[in-house]
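For clarity, chains are labelled A, B, C and D in written order, and residue numbers in each chain start from 1.
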Amino acid sequence: MAEHAWILAAVPGLAFIVMAATGRRLPRQGDWMAVLCATAIFALFFAVLANFLNLGEGAWPILNSIEWTAIGNFELRMGIAVDQITIVMLGVITTVALMVNIFSVGYMKGEPRYWWYFAVLQLFVASMLMLVLADNLLLLYVAWELVGLSSFLLIGHYWEKRSAVEAAKKAFITTRVGDVGLLIGIILFWDATGTFNILEIIHHVEEGTIGDTRLFITMMFILLGAMGKSAQLPFHVWLPDAMEGPTPVSALIHAATMVVAGVYLVARMLPVFELAGDALTVVMVVGLLTALFSGVIACVQTDIKKVLAYSTVSQLGFMFVALGAGYASAGMFHLFTHAFFKALLFLGAGSVIIGTHHHQEMAQLGGLWRKMPITAATFLIGSLALAGLFPLAGFWSKDEILHAVEGVGMWPFFFLAIAAIMTAFYSARLFIRTFLGKPQDPEIASHTKETGLTMTLPLVFLALMSIVAGFFIFHDFGSALGFPGGFGEFVFLHHAHVFHVDWSLVALSTVLFVLGTFGGAWLYLGGRLDRSTVLVEWQPKVYDLVKNKFYFDELYQFFIDRVVLGFSYLVSWFDRFAVNDTGVDGSATMTNYTGFLLKHLQSGRVPNYAMAIAVGVVALTLISLAVGS
Amino acid sequence: MTTEVLWWMFAIAIVAVSAGVVFSRTVIHSAIFLILSLAGVGAMYLFLTVSFIALVQFLIYGGAVTVLILLALMLTRMGVAGKPEPTTGVQAPFGALVALGLMFTLIGVAVSTAWPGDLGGSLPGVTIETIGNEMFNNYGAPFIITAALLLVAFIGAIVIARQEDGD
Amino acid sequence: MEEAQGYVLLTGLGLPLLAALILLLLPSSQKMAVRYLSAVIGAILLGLSIYVFLAYQASGNVIQMELQWPWIEHVGFLGENGISLHLGVDGISALLTLLTGIVAFAGTLIAWKLEYRTKDFFILFWVLISGVYGTFFALDLFFFFFFYELAVVPLYLLIGIWGSTRKEYGAMKLTLMLVGGSVGIWIGIFAVVHEAGLGTFDLPTLWEAGRNGALSPEFQKIIFPFFAIGCGVLAGLWPLHTWSPDGHMSAPTSVSMVHAGVLMKLGAFGIIRLGIQILPEGAEFWMPALVVLGTIGALYGAIAALTQRDFKLISGYSSVSHMGYVLIGLGTLHAVGVTGATLQMFSHGVMTALVFLLIGALYDQAHTRDLSDYGGIAKVMPLWVIAYVMAGLANVGLPGLSGFTAEFHIFVGAFHTYPVFGGLAILAAAIAAAYMLRMFGVVFFGPLNPRWSDLKDLSPMETISAVLLILSMLAMGLWWSPFTDRLENTILNLPGVTS
Amino acid sequence: MVPMENYLVLSGILFSLGVYGVLARRNAVLVLMSVELMLNAVSLNFVAFAAYLDPDKATGIIFAVFVIAVAAAEVGLALAIVIRLFRNRSTANVDEAATMRW
């Protein structure tokens, strides 16, 4: 089964085609087909997993490829490779996809283009699965672009809204800039090694086929692609805007799966990054900066989804830091746990939005727990997992990252700790302002009610996962499930390592959690804003800076409006006036004018012509005489 | 010796009457000078002992063509003198220059070229009979084409000169 | 079999001419008869093109389906063997034949609703198509040029009579520039025939001459620019591209389709046939220049398209950009790059044809092509928007559609030979995303401008054409080995091409 | 005997006079007459060459005959044109018939 894992991608792909073609005319616009498809791949995943584990460590990675094309010695094979990282990703994708599909049935009820939404969701799942299954960079790139396309279509689902269209455009173009880098990197690899196959590339690099400088440059291009997709600084701007899309989409694409594609790619290529000079340091710096900056921004956002979005960016930064430290298992583990609790949080936010009839500003909410107990409870679990409360999922994975960074140095550890405090702070703030305290807007509060079963069930399931997902790190837990052991013994770069609880780190983490959470509670608990207002008034400039997201958007806008478009106007002007009007029309005008001048030779008087002939004859005779003699 | 003197007299006369053709102010005078000039050239053919061509020259040129020209003059009433307009165009001086240049070129070429052997300047062997043979044997096609040309030219002349109803 | 296949090619260039002749005899009031006849001819040609493409054996000889009839021999300067009607296809022309069939058929269906002088339009149209087929099939320099001109000249009338915005200007500029290029080609042809001294216009013979040194390297270096620039004008070589935006702006829909879809490819095809194949050494010498110009064209077109306000201008500039890729691909002289260039010809052909089809369908109703006049028309024209988005995404180079397949090969080739220009070319692809999405956002999405609430979606004829074109894009985007397999032998056998 | 050069010089002078007439005179008929002079000079040349350089052949003579025939045709046509011109424009001056221009 594992060597036919491509079926996982084929099923939703087929579903997309069927639904796009016939969806509108199917009963219930085909949502059942989507759920069915998600369930099927969820079940199939376990078949793949079982087979994978059965085959045992010796058989990994499981490969299966076919010849695609060949031009001379340029050969292209397409295929899949299933190894531990892939299995983790498959698990995350199929689980979250199933939850989101179920949740969407409730969330999207009565929305325009219901069928189209589900169809594109399947397209996304198909391409995301293809992305993680790909055994070569080219297929990975193809899937990479297709998930970008699905993301574009889903962000822009409400295309009647100008802001949604703009957000979709921004997401596509920003990631596209990164994709350019990725494509360049892929082609540079081909040029150096003559293959697109990831394993072969790693093999070549280990043998030293590629020169150091060249390898470093190549990896920087690859990293560019990863940064674009995973919304790392300075490409992070598209992710918060992407919240214009339907909320389940944010949960699936912009929290759990697509945005971690960059992390996946770096983890996949980690052996190469290790050998590529300072490439890993770059990864770590990027991750740290992202974690810090977006953590800070998340602290002042007032829109629930925006807080979650910046939180996601920040957590992706954490994963990059882990990878930058060279710990594939820590990064992948955080990816794994984060997928569940962040999906939970987003779906919880979606539940809030539906329950309050499309309100998502924290200033208008508050005190929701009375009206929406299930949502509140699950959201609380999610927040605590995100904040890193012992022993929830987020705690273990963050601990792993801190543990990984410990070895790298003081400063990264210090900054990461600050980022962790902020995580706890904004989680607390988000939960307190949304669910606790008094309702800020009685009008809204009076309409609020708990959402239906299709929405709460996924919440409960994900909450459960947020609690248990962290335990995968333990040796006994893993081997009980049939894995070779804990997460660290399953996913690793060079050496498997058995996890041991480091109690001093646990203590430190707990301190960080308590600091952040209590900071948040002290400022916001009881529905009061006076303390935070004082803080804002104490340093209004700093607040403005953070509130405006460090003016990244403005900076880019300025760059695009003034530099890019300005250049474009210049080129258009040049094309019109210099090339066309001067060069082309100019030569036409010159010809015309010359003709205007010369036409006067054409007097119409016969003697003049005769004269010309005579002069010509004489001249030619004289010339031929002169030449002849 | 006598022939030579005679030749020179004719030559000078031809040049003189030809000059008369192009320089005289009255068209009728020019026409008469032209007849004389053509006749002079005919005489030149006699000097070269080709009596056939001389005959043709007298008949066709001296006769038919000049009659045609006179006819045209009468039809266009240009024979009626008296209009005090310039007979030469504005480019006459340049024309003279070019003509002079051409003349010197031609004379120069004629004099300076070393012509292969002088064979006497007469065509004793060429009789009307040989001309006829040549014409119909070796030059049959051009002859026929010329015939067609003449026919077309005359029909064309008729069409062009015809008085139409609208005129 | 071979012989019979040769007659298929003869039919390909003869049938459109025959159609023109039959149309000439029809009374011009019989518009429906004209349309049906044209549609039937278009369908037959489509079938024939598909046959040629499929019947071309990927593993066989480079040139297949040959047919040779002597025409002028032993005539003075034309030489011993002179001119013969020598037809045949190699992998490149087989692919382009398929393109021609598809685009011509789609164009025929689009011209269905043309009311003004329908008969005259189709006569010229078929003459043009015959020229296109002839150019792709010709294996004789004289006939190559003959058909090349036959394809170019009717454009003047087609644009001048049936065009729109500033049609006289557009038609005149286009024709003059193209004919100007032809002069260069003509000079080159005579120079080559004379220099080779074989007394023949036969292309395979001359290719052999180019390879074995009968044409000296110095001579090749001098003559190559004549071919490259002459054909380059038609291929939108920067800076001789300005006929493209204006020409496309004024041309009627189906002419735009055929023109941007097929005719521009004649130029690039000419560079291969005449430039690379006859003058390999000259090609090698000049190719860096071609790559530079191609890169400039690719970037320049993309950047200029960013701020255009007219649909057709955007497409015109994007054509410049995409044909820039073709030139880059050819300029690499690397098997993958040249393959990419050829794929790009096909891809750009179907994609641009689709774009012009859609613009035409909209313009016929709305009579404005200004982007800012529109908004939210996805509401009233869903099919139209889906088709346009497909075309736009192909334009952007999205995997799964033909644009990616082609551009990817070009980039691979370019990186192998000229990495910096390869990088710049990829950058142009990113800019393409910007201008395409900008147009999507402004025109298709957002709130519906009430002025357009009664726009009609694609008509059945337009839908058929659009579906045909989209299927072609998908075919190349998803499973491209049928295409590359047929090209492989041909391209590896091009002189000077490394792999 | 007169040397051949004499004939050539004579015909050259005649020809040049004709050229002058064509270039300088305004009257169409006179231009025509000048053309006749030129034609005559040419056929004189032919015959002289024939007589001096290749007396056994009639080629030169034949040429002269053709020249005369063509001249006759030409005169006929040209005069018809002159008449036409005169009838349409009431003038036979060549420099006044100048409509065939830009």
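We adopt the following convention: a residue touches a chain if its C-beta (ideal position, glycine included) is under 8 Å from a C-beta of that chain, and two chains touch if they have at least 3 such contacts.
On a predicted model such as this, the values are computed, not experimentally measured, just so you know.
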Innermost chain by mean C-alpha position: C
Consider the two chain pairs A-C and B-D; indicate the one with the greater count of contacting C-beta pairs. B-D
Can you give the whole-Å distance between the Cα centres of chain B and chain D? 6
For chain A and chain C, what's the span in angstrom between their mean Cα positions? 38
Taking each chain's centre as the mean of its CA atoms, how far is chain A from chain B in angstrom? 99
Between chain B and chain C, what is the separation of their C-alpha centroids in Å? 64
Chain B touches at least 2 other chains through residues 89, 91, 94-95, 98-99, 102
For chain D, residue numbers touching 2 or more other chains are 19, 22-24, 26, 94-95
For chain C, jot down the residues that touch at least 2 other chains. none
Using the contact rule from the top, write out all pairs of chains that touch. A-B, A-C, A-D, B-D
Which part of chain A faces chain B closely enough to touch in the complex? 607-608, 611, 614-615, 617-618, 621-622, 625
Tell me, which parts of chain A touch chain C in their complex? 68-74, 138, 141-143, 145-146, 149, 156, 159-162, 165-166, 168-169, 172-173, 176-177, 179-180, 183-184, 187-188, 190-191, 564-565, 567-569, 571-572, 575, 579-580, 583-585, 588
Note which residues of chain B are touching chain A in the complex, please. 89, 91, 94-95, 98-99, 101-102, 105, 109
Write out the stretch or stretches of chain D touching chain B in their complex. 1-27, 29-30, 32-34, 36-37, 40, 43-44, 47-48, 50-59, 61-62, 64-66, 68-77, 79-84, 86-88, 92, 94-95
Chain B to chain D touching residues, read off their complex: 3-4, 7, 11, 14-15, 18-19, 21-22, 27, 30-31, 34, 37-38, 41, 44-45, 47-50, 52-53, 56-57, 60-61, 64-65, 68-69, 71-73, 75-76, 78, 86-92, 94-96, 98-100, 102-103, 106-107, 110-111, 115-116, 118-126, 130-131, 134-135, 139, 142, 146, 149-150, 153-154, 156-158, 160-161, 163, 167
